[in-house]
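Next come the structures, one after another.
What follows is a pair of complexes built around chain A, which joins chain B in one and chain C in the other.
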Partner chain A sequence: MNKESILKKPAVQALLSSLACIVLGLFAGFIVLTFIDARGAASALFDIIRNFFRYPSAPVALKYFGNTIVKTAPLLMCSLSILFAYKVGLFNIGVAGQYAFGTGLALFAALHWQLPWIVCILLACVGASLLGAISGFLKSYCNVNEVISGIMLNWLSLYTTNMMLTVVKETTSPYTKNIVNVNHSALLPNIGLDKLFNNNQYVTVAIPLAIVLSILVWFVLEKTKFGYELKATGFNKHAAKYCGMKEKRNTILTLIIAGALAGLGAAMFYLTGYEQWQCTQSSVPGMGFNGIAAAFLGGLHPIGAIFSSLFIQHITEGGAYVDKTLYCSQISDLISSIIIYLCGFVLFMKLALNKWLAKRDEAGSSKDAAGTGKGGRS
Partner chain B sequence: MMEVTLLEDQYAIEMLGITKIFPGIIANDDITLQLKKGEIHALLGENGAGKSTLMSVLFGLYQPEKGVIRKDGKEVKIQNPNDANDLGIGMVHQHFKLVECFSVLDNIILGVEPTKNGFLQKKEAREKIMELSEKYGLKVNPDALIEDITVGMQQRTEILKMLYRDNEILIFDEPTAVLTPQEIDELMQIMRNLSKEGKSILFISHKLNEIMAVADRCSVLRKGKYIGTVDVANTTKEELSRMMVGRNVEFAVHKEDKTPGDVILHVENLSVASKIHKNDAVKNVSFEVRSGEIVCIAGIDGNGQTELVYGLTGIEPLKAGTILYKGKDITHASIRERSIDGISHIPEDRHKHGLVLDYSLEDNMILQRYFEPEFTSKGGTLKRANIRSYANRLIEQYDVRSGQGAVTKARSMSGGNQQKAIIARELDKKPDLLIAVQPTRGLDVGAIEYIHKQLVAQRDAGHAVLLVSLELDEVMTVPDRILVMYEGEIVGELDPKTTTAEELGLYMSGAKNNMHAQAGKEETV
Partner chain C sequence: MTLLLQYTLIYASVLILVALGGCFSEHSGVINLGLEGIMVMGAMGGALAMKYLTGAPSVVIILATIAASALVGLVYSLLLAVACINFKADQTIIGTALNMLGTAAATVIIKAINTSANPDDVSSVVQYIDAKKSFIVSFGRFDFNWFMLVTLLLLIAAYILLYKTRFGLRLMACGEHPQAADSVGINVYKMRYAGVMISGVLGGLGGIVYITAGVSEWKFENGVVGFGFLALAVMIFGQWKPTRIALAALLFGLFRALSNVYSGIGILSMLNIPSTVYNMLPYMISLLVLALTSKNSRAPKAEGIPYDKGAR
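So, the complex of A and B:
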């Protein structure tokens, strides 16, 4: 009886199905590697999982661990954006465009207008939330599905960002100028965290901020009147309307908040100076879409998203260490995307788990019945 | 194996000594059900009596712990629904299993499409369907899309689906719950035709009138146990309900005479646009509801009652007219303002409007008042402890039963208890005006009795009640005044004490109208 109740707990189920997805993803990745070249499959997979642990010296490993978490922060923000909207019954596929637009505004403000980081962050946040507002408005008043408007806006924001940032790009390369050289005030403060990671200058306030925001999202959804309203609207908008909630306003607000989270994520990454934007980019950043996988792998729970984002970023980074003499250079992206793709199967895993539990109950109960039946007769 | 006697040969299907146990509950306890060839056999029982489990066993969805199933006297093993289908057992589910954007024809042949070299042969199928439709009086348009046709025609499509598959044993699961009175009559006729042609019918219901009207025999289940089988010709409604509930049930609604007080709701020249067609769904409707009276809007489904309620509660905007509530103009007030002012609304569709099914029972209990200081702090956080104790009080007071109390997901509760939860929530607001739309829809007699008592108690406490009902029994017994709606207009005002079901039927079908005469009188005064 006790054993059963543990397996039936939603939290345990979420964890189990996420773990099952990870195992399945790694296995599928291994198979693909084996097909391409069986000789290096095991070690390549090992390289991916090992990531920075490959460095025997602790300070070096720590520095590379810092790099992983620097990129985890924006991924976490994108997955929060997805899951927040998802809880309200909306699929914010516009997260990729919101992320791109947030990047555009943050970098433009930092490099062209020479503004301090706090203003850059706010601009990115407001700009991306405006994109969310457009989707929300179209959904509420014109009955346009947020997925359609989100995909359209993704392209619009990508090219707008490319155009904007061409103004501040290096003359000789397609990349934007490095903030470090142009505007020091736009760099996110390290608040001493860089020391913890062997002077990794990219480890900034963004990381604790992302974690605080995860907790905040959880708090808003679970503990507040606002979250109660939003979730009611998501589960059943007719009932929400019936009891006097403003379901149109709630839809718009949700997408505004989702957009703001994605925009924040963009600023929290690009204002570290870790990477520059490539102004000739012809596809929206994968960060947004990986956020979808991270959200589902994290069981659609804001705290779960912290761990799932870390995992996904971990294997993405780890992919860079795959032996390039045996595999072509795209292999790392391929393998990590296979794993990420299978991470989206969490809900399927949950279903399978419940089916299995039901079957076991059925078998158990018929055994019980047979037992009592025999007892009765003797 | 027992010896098969001649007598048993006349049974189309027999379920003998069926026992099905789930962890913690015996859903079926030694149940016997014997369906004779060519009879209409009713299966009667309250919600949760084990009817659905028994049918799932018959369809091979569950394997029983004990008991045997026999077809034409021979023992059979039904492992899955395909086995059931091979044995000629078909079922019309309460919620139809149709593809909305497919035509009637496509739905009927779905899964058993006649093909030649991989191409569909719809012509043959069409001929067979038209033949069946004529033979049994099942009028359908084979080319209409499911989403465009009435619920009645959808049900006929489901019946044709069974006949197209040459099923001999037809199971109808609560088939009348979704139908209008005329459609019910039609269905009864269809069932009689089917049984005349030798089909055996199992009719699952808890509506006693319908069982009395159409069934030959009736088996009764109560709390998983088999109570007995009776010949319908030799029994009474009272007898059946006693078998079903285990005690005497009051069919009559007891209420003292009461003189209505002040006008609570005053509706003038109200019009509401229709979402389906260009004409208004509600046309120029005026009426009043006073304190201490129950006014019933009667009529056949789809004559504007739903839209009228949407207009009164603010869910849909009005096209014209004014609504005065306790003398105050609320024509343009929001849903929330009306609710706070003391209008409660028991909605027609408890799953669509009444509940957030994925919320717990306690979260549903506060749906209309979660924003009040009792449940939300100044900082905007929910006061969980208060919510729990409030929900527990309502659960106790209104006897709402559920698996895990306040934290039970609303989705997992029985229909009757879901409705009780809504009633608890709406009545606890102490409304001056209660708008109850089909509050007893799909519920068993015990729950209906309970809800009627609550409505009368509301009236006796001096509040106004506006009841919208499609059930003739309810219209005749519960209200103090009846207003009949036909094609969006109020065509008659009747006194339930003096009117008859026949007269009511004439108004409901638009054959009679006493409002124009009255309007003329008022003008002369």
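So, the complex of A and C:
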């Protein structure tokens, strides 16, 4: 086969357009950096991309790589939540609130009720899916746009979480108590993975679990009748209804599953003890919004999301290394939001690529025809 | 009580401005979910104008601040217009991206300005407290804010523009049935650009009113805490009609104002409800109101659908 057929494959096109988004996003980030201060722009961008590779000793770099993937797991769960709902035609912007509420329940169960980790995870999962259910119910029975109800629920769950976790916070700081000191049974098991990352105790079962779940999401969406029904509802809910599918039930179920994924992500991160919740937090956690970036950058494919989440988390962590006297760490937020913006153009890029390919094919075939014509004569 | 009235009016002004912005954009057929980001950018423009003009006569400060925030909002809204009208991008994604980009970009810019002035200053705060006084005229205990008057004038202007002019009726036609509008010679793309740009101007203005409404300085990394979306709820509750939007905004403004002043009202402070509950009130009420009123909502028919000349 020749080169053209590779470019026509949807997977290759998705990959190409994601790479184009990344390159353009980084370039736009570079321009912004240059505007702020031209002296350090190149090295700052390099710092962001380099992240933990900056450490010359391999074991140290490995440990920091461990930190990056510890934070990638919840990001991956958030992006799975987004893309699962998006495949069914719903935009689950409530993922940030579901994540916050999941955190609240998981930490409250772990610190206040002293429950083991498996119960904490389940609680977070159920609580967050309840939020999804509210959005779904409002969407299908009251005609409320899920984006607006999602945003309202985001703020409601942020305030609720802050209130709940104030009960279990340190007396001298706004942060919650460290699980390590309070309840060892609530920490996620390492199952030996910490050894792989130079004894990074935060690397837990959460990471393989997140990967398994993304494969599961792919399987459900692509290989089961249930997933097919959900997608059919997303394409055209009236058609789905007349085919005998329960379109209202499907909408609610989708958001329940999306919520559960986000809640799981929250528990899978906060039960490692890597970070404590700040009870005076005045904005919803950015993890949910970065999840949107990761979902679209991954071409809305569960397996693609694994890599895109890793990339987004990588540059977010890398943002912490830029020279603070020149730039601020929000520069990586800026880059990831530019990437989301560019993801809006993916459809257009694919269209343009296909048009160009068709044109080239046409030109090629007419040239071939001319060639064979000549050959025939000689 | 005067304090409650004052805060209600100022928050209602924010909601009226931004909801009218959303209203113009949606009547032209484009859902503007990026209002939150537009607000942040407009607020940044206005705040910087106030910072650099501190000490100038009041009239200059007022006019320059309004012009700066409207202009920055307008330019920023073009990002939405280009993507959604010319490139037919998904309006939800672009709107969300603009919200994130607005907060991130404003934080980066403000921090860069602060650190370049003073290397130790890594805050995302603009000093505009002195200039803010130009906007306020005190009548006894009531602080009248010029923005309230501006909002009232713009509300009247919006009503006339939308219902009494050729432009407004054409704009609404583009949101209801763009093909029909096109068939009688209206340029749908231009109209949609106009709708989005008006929403940029109004959203930007709403942003500066919002951040100057409170007492303290505003940290840009906080964004505008969901006010853009509250405004969209107000717009839906107001059924995309300016007069109803104004009434809805007053109701929502009241609930938002309660969280600022509840401790000064005897009965409410005696109830001893935690302040978080008051912070949650506007969001709770809007969810409730949306659940009860959205069933029969009359949204512009063609909103959210990119216009394609060739489509049937």
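Simple rule for what comes next: the second predicted complex is superposed on the first by the 327 of 378 C-alpha atoms of A that agree within 3 Å, B and C clash if a C-alpha of one lies under 4 Å from a C-alpha of the other, contacts with A are read in each partner's own complex, and residues count from 1 in each chain.
FYI, contacts are C-beta pairs under 8 Å (C-beta built on N, C-alpha and C of every residue); 3 or more make two chains touch, one makes a residue touch a chain.
This is a predicted model, so every value here is computed, not measured.
In the superposition on chain A, A:Y175 makes contact with neither chain B nor chain C.
Looking at the superposed arrangement, the partner reaching more residues of chain A, out of chain B and chain C, is C. Looking at the shared chain after the overlay, A:F226 reaches chain B, while chain C stays out of its contact range.
Judged by the touch definition given at the top, the superposed model places A:Y55 against neither chain B nor chain C.
With both structures placed on the common chain, the touch criterion links A:F46 to neither chain B nor chain C.
With both structures placed on the common chain, the touch criterion links A:N236 to chain B but leaves chain C unconnected. Legend: residue contacts after superposition of the two complexes on their common chain; A:D361 is shown touching chain B, with no touch to chain C.
Of the two partner chains placed by superposition, only chain B is touched by A:G244; chain C is not.
Only residues 33, 79, 83, 87-90, 92-94, 96-98, 100-101, 103-105, 107-108, 111-112, 115-116, 119, 122, 221-223, 225-226, 229, 232-233, 236, 274, 276, 279-280, 283-284, 286-287, 290-292, 294-295, 297 of chain C touch chain A when the two sit together in their complex.
Note for the complex: chain A touches chain B at residues 223-226, 228-229, 231-232, 235-236, 238-245, 361-362, 364-366, 368-370, 373. For chain B in complex with chain A, the touching residues are 19, 21-23, 62-63, 65-66, 313, 315, 334-337, 339, 345, 347, 352-359, 363, 367-368, 370-371, 376, 380-382. Residues of chain A that touch chain C in their complex: 32, 36-37, 91, 93, 138, 142-145, 147-149, 151-156, 159-160, 162-163, 282-283, 289, 292, 296, 324-328, 330-331, 333-334, 336-338, 340-341, 343-345, 347-348.
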